[in-house]
Amino acid sequence: MMSLASYLIISLVLFVVGLVVMIARKNIVAILLGIELILNAAALNFVAYSRYVTNNLDGHIFSLFIIVVAAAEAAVGLAIVIRFFQIKETIHIDEATQLRN
Amino acid sequence: MNQTVVSYLAQYEFFDFLVNLFGKNQSLLSFLIYLIFALLIVGMCATIGGLGTYAERKISADIQARIGPNRVGPYGLLQFLADGVKMIVKEDVMPFSADKMLFYLAPILCLVGVFATLAVLPFAGGFIMTDLNVGIFYLVAISSLVGVGVFLGGYASNSKWSMLGGMRGASQIISYEIPVTISILAITLLAGGMGFGTIVGSQGGLPHQWFLLHNPFAFIAFFVYFVGALAETNRAPFDLPEAESELVSGYHTEYTGMRFGFFALAEYIEVFVVCGVAAALFLGGYNIPGLKLDLLPLQAVQFTVFMTKTLALYYVVIWVRWTFPRLRVDQLMSICWKYLTPISIFNLVGCAIWMVAFNGKSIADIIFGGH
Amino acid sequence: MFLQFLFIASAFLTLACTIAVLVTKNLMHSCVFLLGTLIGVAGLYATLGADFVAVTQIMVYMGGVVILMLFAVMLTGGKDFVSRAQTLLGLPATMGNKWTYGLGLLVGVVFLLTNVKLLSNIITTLPTAEINNDFPSTVSRLGHLLVKDHVLAFEISSVLLLGALVGAAIIARPRKHN
Amino acid sequence: MLPAQFDGLMPVVIFMALAILLFVGGHFLSVLLAPKKPSLLKSTPYECGEQPVGSAWSMFNVRFYVVGLIFIIFDVESVLMFPVASIFKELNQMGQGTYALLIFLSFISVLIEGIAYCWRKGDLDWVKSFQASLKKETK
């Protein structure tokens, strides 16, 4: 039961749900939430492959940096969301139509 | 991968007898041993948490020249049991506008975050539940669940006081995590590992072998850690999230009965854990002066040594609470970001340079020519 | 034995919370379910023997990203726009009705089966490593990799974080109302 | 005769389960023993005896977010420093201490730059940053 395939299936579910959340939700915070799910799916894949296929730690390093980049991305993305809310008083994604006010 | 209670007991002959008793089913046996020890530790910590409330009231009474609780049991010792019974038989009230799911979830998150840290606390050489090789890092990471619990507790009540307390609590807990983590990083640097076994094992029983007196930077790091840990557990003088003079009771304003009790229990156990970590990281942990053996009869002595250090720090925490006035929010944030964080980074750099310059020797080694 | 239990529990937590993230309408609840998903993924890392990555996941995501997201939901009012018009699974009505979803599901299943049929040969003949369950410590090996092989990534990541800090602080800084 | 090595993670799970069980048990006891007489007045959010005005889920201040932002960056940096710190002693004994120190210091110096920037721009001030920026603009 614990094999590469089961990890890949879990990762697939994470990825698909993340994608659907990104497409279906109109709230920018929810879209960032979907991005986090997708990044987790990728990191899980890296670690699973590094255990079952390559048997070295490069996959671990890669998922470590994925987590780092995800944190930086969340920080900047949520800062943009908050600034957007201060200007537009909403965080509906369809309201974001202008590059500058 | 790591030493545990089970692998420690497995050195001795009676373990084979137990294994035979369970028909070679080692998984079940180790599960049972872990469960027994976990229940033991939880019971002990709950008692310490309960006695902590009693000690808090007695010591505060002493400081303020009062008598304190003295009705229930001899010297009021059973006061905490009476309080517990009272908590259970109180009516649970939930605000009608509360977020019900999160209202239930918040105390659970606090409890889980605190209890999970108990798994790596080194009570004695063999009596550490599991000596994970990421021990101290795991402890710091899992205790950040408490911050989420505090925030959700404040949010879910849908009361203004709770919301303000929860926001303040979460931002305070996460802010003070930085100086604490960086101080711990300095100790990791000195010990050459993150497991509690490694960290405690590279110290000795006598004060000059502790990391506290290893070098001047580690000495400062202890105080940075202790102040940061006080703030992380929301203790006075950093108890702004539950400041009764401005926020009624902070994030647990709307919590009554047993759910409030769990918040309080989590807080008191967290203070104990924080003191235990300080004792293990800086004060030599369970090491007995002059002895480096790890025998079964010595475990009780080691346990006593560890608990003495921890409870002494616990006393200091209570003493600090009733001595200093509460800070303002802006003072709180400037202490964290303008004093503790730069000092802790300075300590880290200092420790790294010390390691290279003196080849990892402590002050005592340099003066008395050890190693 | 315990490994399998941990795997099943983590996988169940991950999948259940992921689905909950998708179907919950309340954004605050979505964030809390995301927390559950992340804890589950940390458990999966632990079953893969990646102890340091698991704890990093807990530390950065649980202590950092989720709290930041909860703050952001608070700061922006926590409204979710899904509830306006929606069909099954909480998806917006503009995405289609149940026939579209049914057709999509059918296509997906056929596609999946075809792929499994095609790829099963490749997966089963993948060069698999020796699997043993003794899980040596990864911390010191990771440290050596970070200091030697991946030292450039290590240093550049600090510059990335500095850039993120400066940029986000400029964007989010409270300023005078115009 | 050692048990399987992986069981080292078992106590963590046991403690988490115990925490949840304790909550459920305590709650069950409380349901069993505590009185249950709900009334509208009791379940009103406490606002010093006044009628609560509006929902509490609307108050916010961007500074909380800025603090969280600085926190997460520092958190990630300290996470990356942990594996390097834990092999620092080993490298030092292997005679590569200077190299390790160089890498460590160049990593930390970027961290110091970050905190210096935030300090200079007033992001670390809780109250004064808005007033300071106002003062700057009036000058």
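Here the chain labels run A, B, C and D in written order, and each chain numbers its own residues starting at 1.
Basically, a residue touches a chain if its C-beta (ideal position, glycine included) is under 8 Å from a C-beta of that chain, and two chains touch if they have at least 3 such contacts.
This structure is a prediction, so every number in the text was calculated from the model and none was measured.
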Which of A-C and B-C has more C-beta contact pairs: A-C
Separation of mean Cα positions, chain B and chain A [Å, integer]: 33
Length of the line joining the C-alpha centres of chain B and chain C, rounded to whole Å: 30
Whole-Å gap separating chain A and chain C, where each centre is the average of the chain's CA atoms: 6
For chain A paired with chain D, centre-to-centre distance based on mean C-alpha positions, whole Å: 21
Two or more partner chains touched - positions in chain C: 1-3, 52, 56, 59-60, 63-65, 67-68, 71-72, 74-75, 77, 134-135, 139, 142, 146, 157, 161, 164-165, 168-169, 172
Two or more partner chains touched - positions in chain B: 1-2, 27, 31, 132, 137-138, 155, 167, 170, 174, 177, 193-194
Chain D, residues touching no fewer than two other chains: 4-7, 9-10, 57, 61-62, 64-65, 68-73, 75-76, 79-80, 82, 86-87, 90, 100, 111, 118
Pairs of chains in contact (touch as defined earlier), listed by label: A-C, A-D, B-C, B-D, C-D
Chain A residues touching chain C - in the complex, by the definition given at the top: 1-2, 4-7, 10, 13-14, 17, 20-21, 23-27, 29-30, 32-33, 36-37, 40, 43-44, 47-48, 50-55, 57-58, 60-61, 63-65, 67-76, 78-83, 85, 90-92
In the complex with chain D, residue positions of chain B that touch it: 1-2, 4-7, 10, 15-16, 19, 26-27, 29-31, 34-35, 37-39, 42, 87-98, 107-108, 111-112, 114-116, 118-119, 129-132, 137-138, 155, 157-164, 167, 170-171, 174-175, 177-178, 181-182, 185, 188-194, 248, 253-254, 257-259, 261-262, 329-330, 332-334, 337-338, 341-342, 345, 348-349, 352-353, 355-356, 359-360
Residue ranges of chain C touching chain D (in the complex, touch as defined): 1-3, 6, 9, 46, 52, 56, 59-60, 63-65, 67-68, 71-72, 74-75, 77-78, 133-135, 139-140, 142-144, 146-147, 151, 154-155, 157-159, 161-162, 164-166, 168-169, 172-176
Chain D-touching residues of chain A, taken from the complex the two chains share: 64, 67-68, 71-72, 74-75, 78-79, 82, 86
Parts of chain D lying in touch with chain A, wherever the complex brings them together: 62, 65, 69, 72-73, 75-76, 79-80
